[in-house]
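Each of the next two complexes has chain A plus one more chain, namely chain B in the first and chain C in the second.
And now, the complex of A and B:
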């Protein structure tokens, strides 16, 4: 027990150190760097949601970008109409939760690739609605000029305050997810991923938890969307296409599906790595793609799995789950 | 107890807990890298930021835009640079993603550019022009969406006329050259097609010409037999064809098959190289209004541009290449006039500015900007003859 509590205090210290780094990092940096960091945080939130649906509950979804779109357009339309961002947020999240719940229904009947196609179709559907319903969404030219929120005397108009605002939201979102995955719900999600029949035999209401996994994951997508709107101050359907859903999926897989900190690392790789590689000019996307392929071949459990592997080799402790060596078994 | 509680779970805290140590390091390494790479601007150079679609769907446009701009930078430097200083043009690839383009315009400005050259796709320009505006940085764009100049942004300038100017430029051709009394419209039913068709019908009404037949078709439609048959039986004096490249080519092939007798007139796409390639001999005789074309070689500036572009890049320039070229040269001319790199002064100078070829040869054609950044300059009527578009007339600036 003493070892465990020591372990826990180390962990706490690390989280505090990382948080301090996140606070200090953008100080004195140029706007571009702060902007990239902010989008890293936002995509982390979206990936956290998909990590819950896919990594923890094992339900594949290729529709995360469309939930970002729902959140983003709800926020955009409401803030443009003069409502405060804080008012638009619960509306957007509720919308995503409800739509996520509905999208979860097919997941009760279909699994794996078929579920992927259902969610893919949903993403395309949302894209088409956003593009064609010009009276509401502005069509291909999108919506622009959304104000950034103000909280009393704290205005997020400049990049740095907006970064801190996003960081605050990200920390809250992470704490929320932390609570979920540690709760009985979290364990039910994992049971669902590992062996749904056994889970059901142990009294887990698989139907309810499948729907919940979708709904909560979607609400996280909506939260990310609600932050994209004030960050970019311009949204258009093309920013929420299938390619973006795949990008979020890549973040989850590269970071490590089913690991709490996987999305942070995955989003860092997908958002920050190409930026870091830009100095190679014409080759940067080629190098980036090659690196991603190498990562997936050698560490299928995601980057966070590297550390687990290294530790298992040099510092073996009790064997907890041998089957997790290859990461969460995704459908 | 602890063990039991975790029986179901992955026990991620054990797996991940200590590894955060390393993940933090990795993260810090990833983040810290770009910080050192920001180079300081030296006092003897002027930086222009080329932000363009170098990868993704927009790459055919963006790379031509970039090459046109590159050629201009070489020439500007040979001619003494801007304000007597050497011009540098760092390039930023937007991946045809509006959000990335916004970040990159910010990056370019952080790195000390005095003007932005790009972007070409309207969706990107609409996002990133907000950043250039906030920083009072002049921006020459290759985008043609009408909304770009309607947002009250004094720092954005076109390098070609907006789409709302193209179709009206055809009216004199129908009225005076073809002397048409009744016309038909064949158009593709998407956003692009509907927009052009609506402007055309309004224009014909103003000119007193009857539109006697209106034939919409679907995007990616393959069979135009019925459409062409309808047009043939209505027998208008001319047909306005407004479709994307592939549709235009299929329409031309069917029109040839059914020997549609009247002139087929389009806007830009109908005589584009891709359409001619796809339609083959069926494209022969098609007429279109084009904003700027590298085939207008009787204009000395364009002929010289086309020649050196081909020598440098071993291929023919497109209209996007001309736009990038004009963007860089306009920046040079205006900055030299203002006498400093100040964005506000630049913006004031641009209002209602006209650059004549006689004084500023590299502008290629006499060009004016209005107080919104919209551009007007002469354009051309071209017709496909012997497998390539040939200029058959000039249209004055409107």
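And now, the complex of A and C:
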């Protein structure tokens, strides 16, 4: 689904069809189904942000769940204090963006995968603060009873309106990311991924762009968190541990890092697979992680990569630039 | 004063075990560009192999230790290299890092599902009786852990510097291309590195599990501490990881005793950021090969 692969109008049609499906799918369904769909959208947003960091800027962040926590707790505390969700949202996003800058600045000064280690340690720290600072975060008991937002006469108290609200936010977030990726700015990200040395020699300040990609990606994590609070109306530190950061990271990789629609697929797999593999009971994570390793051995570019491979086999097209195929891989 | 000495010594003892893990991590990083995010799980798992030997196969404790060591070397060394590192490394460093993260989840969940979610008691290698040393009550176990770990580090250093194989391994880590031209069997040397890493992780596991009990989630903190120890020390050499491991062990104990027990787990983050800002090549590392 990259620029060269599908004809533009076909792609537009596909997107409209998918959007229509997303609108029609939950009609007449049970609340639980709508809840699963909503959490799929929320994790897609978190994964989209991480995709910017991992797929476009080539840095590993192991703190996406922590940024979700920052967004979720900010929203929870402010809406509990009587502020509207729309007021708490920019506060949470700004917080995540700034924390992203502060964490990323030292980590990206040096070469190597230092951001991975810094964010790994940060995840531990956030978990500790959430658990220990009971006066603010409620400790292990967490926070509960957060109201869902109302927009005039449109109340999101019921599951279906909340789903549409989340869908709207997801579409806006996707459009925002699309604009970023397509802007000259985003092209710099792309140049960075394809060939960092050449990008640097052409005057792209790689360090600054990587830092910005990470900070924006973190803000997307905050946005996802701001939606988790009104969805579940109960948050506690355990929902934002390292396991969840890893889960989001694997979503990006499974979907296809560096592909715009990768996170949608990856999040769907991670949300739906436990339902499909329910008969295996506790062994679900074992099977899943083994499958991920097998996938990385054979198709490191993820499920979208499998799709591309199959299509190239049955419907070969003229190769414009063989070296562009490299970009599909993780850097 | 005696309390300080006690805290210092038990910090050194745990730190020396951290150092073993950090050294293995460094060796593999150097020799095969593999940042092993499952390193913590590599330390968690061998204890379970020993428990399997004792409780499922009915072996005696010391035979089980040997069994655990051999199984670890085969699975975490040979199989890890052949089945995961070799096929994935050509896809790029980040892909491999993510594969090791998936492997970490796999090992952790396997230990949980196949052995149990509760912490399992693990027999101590040495009696934990306190002995009196300069007025401080020190446990014999701490002293022996420190002694054994340091002994292994010395042996490993001698092996790497004094034997032909060791020097070939160093050459491989520094410049595989040139090493190959000079007739070094690079593939074999890389394999040795993985085997040594697995053995070090197993040893660390046997020394530290009597204190922590065998639990599937042990790897999380151990891994983080090993990474930070390797980075703080400077990962050009073994002594970097050694210094880093000892430092973190001592600082961790001092923080827990004198500053805050609630936030002792925040120490690695603080140390990591401080070292990146002040001395990114690590405390004893040389800046060469680590462009800022």
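To be clear about the criterion, the second predicted complex is superposed on the first by the 285 of 331 C-alpha atoms of A that agree within 3 Å, B and C clash if a C-alpha of one lies under 4 Å from a C-alpha of the other, contacts with A are read in each partner's own complex, and residues count from 1 in each chain.
Criterion: contacts are C-beta pairs under 8 Å (C-beta built on N, C-alpha and C of every residue); 3 or more make two chains touch, one makes a residue touch a chain.
Here the structure is a predicted model, which means the values were calculated and not measured.
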item: First, second, both or neither for A:116, with chain B first and chain C second; value: second
item: Between chain B and chain C, more extensive residue contact with chain A; value: B
item: Touching partner for A:107 - first (chain B), second (chain C), both, neither; value: second
item: Partner chain(s) touched by A:164 [first = chain B, second = chain C, both, neither]; value: neither
item: Which superposed partner A:285 touches (first chain B, second chain C, both, neither); value: both
item: Which of chain B and chain C A:83 touches, first, second, both or neither; value: neither
item: Which superposed partner A:124 touches (first chain B, second chain C, both, neither); value: second
item: Touched partner set for A:29, first chain B, second chain C, both or neither; value: first
item: Residues of chain A that lie at the interface with chain B and also at the interface with chain C; value: 282, 285
item: Complex interface listing, chain A residues touching chain B; value: 1, 4, 7-8, 10-11, 14-15, 17-18, 21, 25, 29-33, 35-37, 39, 139-142, 144, 181, 186-187, 190-191, 228, 232-234, 236, 238-239, 258-261, 264-265, 268-269, 272-273, 275-276, 278-279, 281-282, 284-285, 303-304, 306-308, 310-311, 317, 320-321, 324, 328
item: Complex contact set, residues of chain C against chain A; value: 35, 37, 84, 87-88, 91-95, 97-99, 101-103, 105-106, 109-110, 112-113, 220, 224, 227-228, 231, 262-263, 265-266, 268-269, 272-273, 276-277, 280, 290-292
item: Contact set on chain B toward chain A in their complex; value: 2, 6, 8-24, 26-28, 30-31, 33-35, 37-38, 54-55, 91, 93, 95, 97-99, 102-104, 106-107, 109-110, 122-123, 126-127, 130, 145, 147, 151, 191
item: Touching residues on chain A, where the partner in the complex is chain C; value: 54, 58, 60, 106-107, 109-114, 116-118, 120-122, 124-125, 128, 132, 242-243, 246, 249-250, 253, 282-283, 285-286, 289-290, 292-293, 296-297, 300, 329-331
